[in-house]
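In what follows, subunit A forms one complex with subunit B and a second complex with subunit C.
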Partner chain A sequence: MNAVSDVSSHAIARARWRPAEIAFWMLALSCAFLFPSRYLIMTDILRLALFTLSLDLILGYAGIVSLGHAAFFGVGAYSAGLMALHGIINEPVIALVVAGLIAMVLGFLTSFLVIRGVDLTRLMVTLGIALLLEALAERFSNITGGTDGLQGIEMQPILGMFAFDMFGKTGFFYSLIVLFLLFLLARRIVNSPFGLSLRAIKNNPLRASAIGVPVNRRLIAIYTVAAFYAGIAGALFTQTTALASLDVFAFERSADLMLVLVIGGTGYLYGGLIGAVVFKMLQELFQTITPQYWLFWIGLVLVVIVLVGRDRMHRWALWLPNLIIRQIAGRKAVVAVPESDAP
Partner chain B sequence: MTTLFTILFDGVAYGMLLFVLACGLAVTLGLMNFVNLAHGAFAMAGGYICAVLVNNSGWPFFAALPLAFVTAAAIGVLLERTLYRHLYTRSHLDQVLFTIGLTFMSVAAVDYIMGSSRIFIKLPAALEGQFDFFGVGIGRYRLMIIVICGLLTVALQLILSKTRFGSRLRAAVDDPRVASGLGINVPQVFAFTFAFGCGLAGLGGALSAEILGLDPYFPLKFMIYFLIVVTVGGSSSITGPFLASLLLGIGDVAGKYYVPKMGPFVIYTIMIVILIWRPNGLFGRAAAR
Partner chain C sequence: MTIALETRGLEKSFGGLKVTRDLSLKVEQGARHALIGPNGAGKTTVINLLTGVLKPNGGRILLEGNDITDLAVHKRVLRGLSRTFQINQLYADLTPLETIGLAVSERLGRGGDWWRRMGTRGDVNQEIAETLGRFHLLDVMNERTATLPYGKQRLLEIAVAIATRPRVLLLDEPAAGVPESERHDILAAVAALPRDVTVLLIEHDMDLVFSFADRISVLVNGAMLVEGPPDEVARDPQVKAVYLGEAVHA
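Right, the complex of A and B next:
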């Protein structure tokens, strides 16, 4: 009895909003007014952040390593594009949700493949599904536009009121609101008993099933939710850029996504958001040094991160903020080091 | 009927090639439980070494093949000793990230040095063209691949089952702690095996330039094929990946011939069906780690 109340009070304490989190979102909102000429790149960051949030749900919380998360992104992107192109659903918000739901159905169906077998099989099945969809999109180029992509997507105003402008201001606020709402949902999910059971599964599936957690059903559920998130991210991509081409399924997209999440850190939701900002800045930097070969630098960053060790890297990154907090507030660090996912 | 035999022949050649390319991965991934997605990079290294030697330095093709093997193995052992060996005990996520990073670096580096277009290796005249065998067109080059890869497979099987090194390797894989207690130098055995696997990949890369095409994106394009061979084949023996390679090769060639519009669709579908049916691979051990 005591242990149960311990767990629940701990969970409630974790779920409380901390000042740092509120400051984070205020900062994100203030960016809109600080850099009014950079809406396009900031929208790009928000989309990437949402996509990474989706990977964090399955990788950081459930421990599923996926090499083909772009599959759901691509399905969302093409669904939104086709709906707008053929005028099936003109209203962007409804189209966004529908695109997410389509990706979610795909996620549900493929989750049965993913939960079977060990890490290696998962890697291959996820990668295989993304490649399969890419091959399909290429095969049915009369629908998807093949390598040229969908052309001539015209987006209608959001809720019939806010038209997309060429500076991307509407797109930015639209993306920020979507990201914030979905973040709230994700935060609710991971702090619920359901989220706790996911952590238990990640730490030790055998033990989790021994205490009565239905491992497979939980994994299917979170994989489906993550597919929904990725689908929304893809749909946002199409809606804000009026573009959808074959590269939404590309392997590089899934691999970049892992890098983003690893830079930010897994298992505390903000990792994806912080990682997206850092990744885009790195990308800008590398592209100015060597426009053609930035793949090399991305690879180098991955190798260095793994060799240094993800935990150690995050401790270094948090050293300065912690020092300041300790000096000013005179207490122990409030910025927690993200959970490691050692085997 | 003759087309059927031609497809079968081409498929077997293709499958044999995939086996030589992927069997190193079967050892690192299946036996040592290390996810090495950069395996294709070693194959690409071998292919480019062979191409440079034959095209630029005028070496004969058959002299360049062993050198492709040796160079790829040398690169392999260098990386194993300096980088990979720190990662054996890390989580799969770390291994995936690290090897994807290596793959990206190799792709960009080869693109920078050799250019992004496809490379062809000049073949000796004896290997070009094809001859008729009871009405079935047999490509000379493909026949050579079947002979070389067939011999290699037999040799590998014999090494694994008959020699002292083979039994050491199997012992080290089954239980590294007990094996080192018996006086087997486990890291050395792993390093040697890793290097040998990379060398085979390099040889496969050199042989495959003609059939699969060699360009800087080779490691990414064929990553899924190598993974299919290993996961479908399972890891208990060398026979599993071998049969899986043949199945994959014949399936791919037949799929491209009979339903060309579906492209690689056939292979992925076969793979997914097999993995639903047997999650640990066709010939896998019941309890994979």
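Right, the complex of A and C next:
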């Protein structure tokens, strides 16, 4: 039957890899060879990208706002730090996963508080949880090292083979691989029936339950997954910098994250990645020009983005790449469209 | 006759305001039952009580003899009680294909499947195609719902409720606000609902009520005024006085 094949091809089309996506990842990989002296900052961007991807899963897909996502980042960071410091788990990859799982447990437990109420309640509850953890970390300074942070973390080689080097080359490739694998998983999740039900809940929770979607259970599930992602991002931070201090829980970290996602755009997964790149580059740029007042310029950019509208800027930004691709591949090849125009 | 949906002494108040008073209603299996009443009679509250959006202060609700009074909204849907909404409550950013696909996936218990991609299950695709075809939505299946003409959105509203395979369907003013040119499609879709689906229609439009229903309940001030076959209800002096007035097509 013709209609059935139409249905199936349209349904699958959403999950198909677009050329622009492949180009994006090729570009990310090629950065390693183009800028061999900038591994540290690029690793910083990758960690932020993964962290923002986590927020995109709950905010962009399920519509859960959070001002305390650093809670999971921090728990992941300290878990990884403590495991390395006390030699509990020495192999970084296993430690990374375990740290993510610890953050995930915390995410599951706190999800019951977060799914209650609506936006404002959620902002306050998430903010409160992060502040609570920060205070706890300060109180138990015998474990966390207090304001000094964990001292003397020494990372063992990844898989016993690849030692972390002082230029951050290993750390960069390690972070890139982790980000890519978790991105693939996220991509799989959002294109599944489960992901579809999240988008339905974000659009209209009342209607979602009226067609049989167990709304609360789905929100708990994605919040827990997002906590895992944030925990991994935090653990990556500790593992690649050999640092973990109280600021992993800081409010600024959660707030910046929201900023990054607004810059990149929500609900298409690349928003977090693009946002992280743009945010860090702007930060670098403004810090070079005006070391003291860079926050002013970041604020200005944010206001402009919100006023001009991201869709419009997205269209402008894609004008040149599309022009080039059309020259090469012919009139009809549309490589990249703003997510609002995408089917 | 088997009773598909029943309420026993249903009560609901908001503060001091009683909006549902001792409402006992029986809807027979396969019936085309209409619930009418003037504005403010509490029709929407009844729907919200039946579907579980609101909790009653007293009384029970039975679906095919089973007490569902305390079940969550989504669990009632899985038991076979679905509704359409008076004002469109669709997913603005989803396509009709995705909307129906979600309903079908949830019904088959696959809604929590996070690994398999949409569109890779033959039985789901088949059912999506059938449902879209039945409601004339195949040509717009891949367009954002927010951009569809209003009539198409109303059709999708009914289609998504049908996709949950209800045994009892609550239709809340299905033709409300639909332009005259698109009305016919809606009425045809309502008339073509499968006979084994029990329908409770909440409606203002008397033409639709009297052409469709085989039984009518009249709700006034949250309480049942009269119940009976259409011709009886139309002749009832109480009904004429309170509600229908000169609007009766008897």
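In the analysis below, the second predicted complex is superposed on the first by the 298 of 343 C-alpha atoms of A that agree within 3 Å, B and C clash if a C-alpha of one lies under 4 Å from a C-alpha of the other, contacts with A are read in each partner's own complex, and residues count from 1 in each chain.
As a working rule, contacts are C-beta pairs under 8 Å (C-beta built on N, C-alpha and C of every residue); 3 or more make two chains touch, one makes a residue touch a chain.
Everything numeric in this text was worked out from a predicted model, so none of it was measured.
Q: Contacts for A:Arg14 in the overlay, against subunit B (first) and subunit C (second): which applies, first, second, both or neither?
A: So A:Arg14 only meets subunit C here.
Q: When the two structures are overlaid on chain A, which partner does A:Met258 contact: first (subunit B), second (subunit C), both, or neither?
A: A:Met258 sits against subunit B, while subunit C stays out of touch.
Q: I'd like to know which partner A:Leu120 touches here: subunit B for first, subunit C for second, both or neither.
A: A:Leu120 sits against subunit B, while subunit C stays out of touch.
Q: Is A:Ala221 contacted by the first partner subunit B, the second partner subunit C, both or neither?
A: After superposition on chain A, A:Ala221 lies in contact with subunit C alone.
Q: Using the superposition on chain A described above, determine whether A:Asn204 touches subunit B (first), subunit C (second), both, or neither.
A: second
Q: Thinking of the overlay built on chain A, is A:Val65 touched by subunit B (first), by subunit C (second), by both, or by neither?
A: After superposing on A, A:Val65 lies in contact with subunit B but is clear of subunit C.
Q: Quick check on the superposed pair: does A:Val213 touch subunit B, subunit C, both, or neither? Answer first, second, both or neither.
A: second
Q: Based on the A-chain superposition described above, do subunit B and subunit C contact any of the same residues on subunit A, and if so which?
A: 343
Q: Quick one: which bits of subunit B touch subunit A in the complex? Just the residue numbers, please.
A: Contact set of subunit B toward subunit A: 29, 35, 83, 86-87, 90-94, 96-98, 100-109, 111-112, 220, 223-224, 227-228, 230-231, 261-265, 268-269, 271-272, 275-276, 279-280, 288-289.
Q: Given the complex with subunit A, which residues does subunit C contribute to the contact?
A: Listed in rising order, the residues of subunit C that touch subunit A are 51, 53, 72-74, 77-78, 82-83, 85, 89-95, 97-99, 101-103, 105-107, 110-120, 122, 125-126, 128-129, 132-133, 138, 141-142, 160-161, 163-164.
Q: Write out the stretch or stretches of subunit A touching subunit B in their complex.
A: Where subunit A meets subunit B, its residues are 59, 65, 67, 113, 116-121, 123-125, 127-129, 131-132, 135-136, 138-139, 251-252, 255, 258-259, 262, 292-296, 298-303, 305-307, 310, 341-343.
Q: Quick check on the complex: what are the subunit A residues that touch subunit C?
A: 1, 3-4, 6-12, 14-15, 188-189, 191-197, 199-200, 203-204, 206-207, 209-215, 217-218, 221, 343
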